[in-house]
Amino acid sequence: MTLSLVLQAIFAGVTNGIVYAFVGMGLSAIFKGSRVINAMQGEFAVIGAMTTVLLLTKSGWPYPAAIAGGVLAGALVGAFIEVAFVRYMAKKNASEDSFLLLTIGLALTLSASILFFIGRDGHLLPPIGGEGVLLVLDAVIQFHALWLIAIGIGATLLLRAFCHRTTVGLSMMAASIDADGAATTGINVGRMRTYTFILGGLLGALGGILVTPLISVDYTLGLNLTLKGFAAAVLGGLTNPLGAAVGGITLGLVESLAIIGISSSYKDVVAFSVLIIIMILMPNGILGRAGRRGG
Amino acid sequence: MQSRLLWIAVALVIWAALPFFVPRNIADLLVFTGIYTIAGLGIGLLLGHCGIVNLAQATFYGLGAYASAYCTVMMGLPSIVGFVAGAAISMALAYVIGRPILRLTGYFLALGTLALSAIASALFFEWDWLTGGTLGIGGIPKLNLFGFVLDRPSRYYFFVWIVAFACMAAAHNLVDSRSGLMLRAMRDSSTAAAALSVDLQSLRTRVFVVCALFGSLAGSLFAHHASFVSTQSFGVDRSISFLLIPVIGGATSIPGIVVGALFVTFLPEFLSKLGDIHQILFGLALVAVVVLLPDGLMGAFGRLRTRLAARQGNHAR
Amino acid sequence: MSLSSIARLTGAAALVGLSAMAAQAQTSGEPIKIGAIVSATGAGAGLGIPERNGLLLAEKDINAKGGVKGRPIKIIIEDDASNPDTALSKANDLIFGQKVVALLGPSLTASTVAVGGVTHPNKIPQIAFTGIGPAVERERKCVAHVLPPQRLNAQALLEYAKSIKATKVGVLHDAGYGNVVMAELRPLADKYGVKLVAVEKFEIGATDTTTQAAKVKAAQPEAVFIIATSATPFRNVKQIQIAQPVIAAIGSSSYEYVNAMGPAADNIAIPEFVVGEDPLPHQKAFVDLYKQTYNSTPKNYEAAAWDAAHIIATALTKAGADATGEKLCEAMKAPYTGVLANYNFSADDMTGIPISSFVFSKIVGGKYTRTPFRVAQ
Amino acid sequence: MPANAILALKEVGHSFGGLAVLRSVTFDVPEGGIIGLIGPNGSGKTTLFNIVSGYIRPLAGAITYQGAPLVRESIQRRGTAGLVRTFQTPQVFEQMTVLENIMVGCTKLTRTTMLQDLLRTPAARGQMREIRQRAEAACERFQLGNLRDLPAASLTAGQRRILEIARAVVGEPRLLLLDEPSSGLNAQEIENLREWIVRLNEQGITVLLVSHDMGLMTVARTVHTLYFGEIIASGDMAAIQRDPRVREVYLGV
């Protein structure tokens, strides 16, 4: 096992980790704001990426505008889902499990819709910073991956600032921590939940767009991303978007080191076993502290 | 009471006559309905009586199916060995894994079982010396009951449904028993149940084991029906569709499980007549059930009946 | 509504009827029903949709040429949603409900073996759009396959490696299809004097295989085989700058994958059968008709389905339009020169495709180009 | 430790996040007695109760029950050993009927395996019959007979309290822990409750009672007063009411 191989594994792990982190961050933002586990978070990524691809190739929009369009599409779908389904179910005091099933149903529907209306093709977007790569000790990392890491860190910090510094962010936090208390101080809890879904959709779509230069996106990608996003979010403690970022990178590294350390075919087995073990032994996630409640 | 007996008799006659009057593909779907009912019963017990979302049923279903396939095809043993081996392995695994994993609650438990299903599905691919990998294992013999070969859906139908009825009876017994009493207590208030010496962990684990047993039985039945097993039938998506059975039908009602199984086997069949759009429609139907009928079709049916009865009562007055 | 407009309408209707009759003029009588199962939705849609296109085109073509002894054929196409359970129940419907004389498809190996469990005991001829699968399929003497067995695919990869004088080969393969080909490739490699210096597996649907590719790269192979049904490994191999020739198994030969590979697709060599941009002489008619009808270029799966339909039609013509079961099955077993390949279903592998049927293509700028290399029989 | 103590606490201490809620609490519960525990809000009564019943593991001190160390036993094991509690807000099984609620209380007296239950073996049926008979008898004894088939959710607060006690008693406890049993009850109901406590005690059940209710507390032979995690006074109710410190901190006089 050479140094460059290990380095390459670390590069790949971090790059994948950022992908998982984006999905995980959206998941945990939605969970934090609404106590809903969103099984269609990966689908947000696919929607964002597909919209951007279509705007870029079919409508001929410039790349930045197409990205903005894709992000907007994710946010709109997020808002729609909250207004059309979640709000009604919350009014009826639906159980946590039924929200999980709702989003599973929506994920199946969206994936089938993309196949039916857009087609089975895999799509790619042009990388930011060109197709170039950075060579370190014979190990390669793409410029786009570096951009992805930079944007990922930026997005995490922005999200944190949004939650702690802005009125809307603070209201969302308050509504999620103590809905009744927040309502008495005049916060519209329902609207905050809508914002939460918009935020989740936005993060998901942005993540999807950013990874599309690395991973070709098609109708089957959503479930895969959701699974890994779940794992990232749970590793990080689920109620902490920053934790999801750390969880995602940990997961990515565990996977790629498992490939060089154990065997390539046991990657998923190792990753999901680590997930189960961490859930049982460290119920608050690897960042600890932040209280994590089960059911 | 007498009218109830009459209803049961009518239902039995219809049940017995059904495979002779429906086309073979419908009989085939009815066989699958029976198999899915068995698998769904276990999940229904967990979901309805323990509040546990089990997204790992495809694992036990797969274990049962592979055990049957391996024992009959690779080792040439009688079918019954496969059934027993599958059940034993599934129950042992459920016990060993259940103890730690069932310490989780709510969403985390759901995610834990999902992870379990993902691991199992990867291992089914990986251990191809045992499972045949993607190519699977073919040529699993049809069941032979004292010389009577169950080689077509209309014959196998009876066997599968008799097993299904036995499982339903067992599930009914369980709910009605001392364990059932404790389960229902646990669901209502786990703190109070603990104070009354109800051992939550062990009870949850044992129901998980029963669920695995049902899953494994269903898997063995599936293997002898399809004559072929491969990794494609035991992935995470199958775990999800198993979970839909009690959710759609109603987790606490045993007839609800049958309704749920009918829904997941027949609805795609009917929708597929509408062309490639059928998967979208199935997804939407699922969303509609979850949003509009939170306690499943059976729950909605029950409410409708109470309302009708109330209205009739009003008329009578 | 005025009288004249009614007259005009009836006239128009008569005209429509007439033209319809003209189209049908060559065929008459009850259509011969042939069943087909494809994966038009779900994970296998990338196979099933092109196969359905090929079937529809073949049906039109056969009927336009007079059908089977003057009788039209009707291909009833069902979708198994990439699920073997569904395939089984669709097969039961087609065979016992619709009373089809033969079954084409399904698209996926698992579904094929499951469906074979119905067609084989009931003596319904079946032509699957897959290579032969587990051992049990060798006993099913009436379930033919229009795609090569994985052993042949492995052989074709090795032939190409030999032709470019690569003796140290690295392999990247997925846990599904790739695993199956790999199992055949290992024992064959020795015979070809090829040393497998690194064999790395990844799970189906993996979004990244960079680390596996890096392990292959570290073994310093002279060529890399990629056996997968996704674009991901191809992109990763290029990303970590593996400069050695990349040879892909037929499973990743489709425009969808090539699109998804982007610039990474360039120079990949693929042993396959149909290069729509530059077809072989006997493939040209099919390719032209396909392009004309669908406004896109066909690949292997379209051709495989087309061949399957034509083989059944030919067998029916030979055995008589009323032939069913074993009689039809026997008729199907005559050697047949198809668009995809030459078949001989009396062969042990229920395919009979010779390695000489392979053509070797390279991808240049998102298009396939046919290389002159062929393997002699 | 007196030989006849069924429960003995020795220097039990606990804190939440550095905030000490119990400091070195020591007292005995004599077999067959009725012991009361009073104290203002936040004095640590509920924590102490949760420690004895097993919902919280104490950070310091030792507890013995029937002469054996108790701290490491699970809630369930305490229950089977005869140590049963009720809750401040009655925790009835709302979706089950009154009779079924009481039946749950009987389950610990019998043993069946899950296999027996699945197959409804004669043994399982016999045990179920026994459980039902016991529960029916208890229903009558606690004058819940006319409510027995109603869902517990439809009961009044007082009825729930009685149901909770009936459910606890039917499992043949040796030490009954009652947590604020009079809260939410009217005067008549409290009087009934008092009678019940006396009657159960006469039947040989030791009672540890936590309450605000000074009237109810007079059933206790010994009362301990808890204040900021410490016992500041012990004695019978009359003595407690005379104690100047108790009057100062608790009775607010």
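For reference, chains read A, B, C and D in written order, and residue numbers begin at 1 within each chain.
By our rule, a contact is a pair of C-beta atoms (placed from the backbone, for glycine too) under 8 Å apart; a residue touches a chain by one contact, two chains touch by 3 or more.
Just so we're clear, the structure is a prediction, and the values are computed from it rather than from any experiment.
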Steps needed, at minimum, to go from chain C to chain D via contacts: 2
Relative to chain B, chain with the most remote C-alpha centre: D
Computed distance of Cα centres, chain B from chain A, in Å: 32
Distance from chain D to chain A - Cα centre to Cα centre, in angstrom: 49
Whole-Å gap separating chain B and chain D, where each centre is the average of the chain's CA atoms: 41
Chain B and chain C, separation of their C-alpha mean positions in angstrom: 36
Residue list for chain D, restricted to those that touch at least two other chains: none
Of all residues in chain C, the ones touching two or more other chains: 41, 175, 203
In chain B, residues with contacts to at least two other chains: 122, 125-126, 276, 279
Chain contact topology (line, ring, star, complete or other): other
All chain pairs that touch each other: A-B, A-C, B-C, B-D
Complex contact set, residues of chain A against chain B: 37, 85, 88-89, 92, 94-98, 100-102, 104-106, 108-110, 112-113, 115-116, 223, 227, 230-231, 234, 238, 265-266, 268-269, 272-273, 275-276, 279-280, 283, 292-295
Touching residues on chain B, where the partner in the complex is chain D: 170-171, 173-174, 176-182, 184-185, 187-189, 191-199, 206-207, 209-210
Residue ranges of chain B in contact with chain C within the complex: 23-25, 27-29, 32, 73, 122, 125-126, 128, 132-139, 151, 153, 222, 226-228, 230-233, 268-269, 272, 276, 278-279
Residue ranges of chain C in contact with chain B within the complex: 40-42, 78-79, 81-86, 88-90, 92-93, 95-97, 108-110, 113-114, 116-117, 121, 133-137, 139, 175-177, 179-180, 183, 203-204
Residues of chain A defined as touching chain C within the complex: 2, 4-5, 8-9, 11-13, 15-16, 19, 112, 115-116, 120-124, 131, 133, 139-140, 142, 211, 214-216, 218-221, 224-225, 255-256, 259-260, 263-265, 267-268
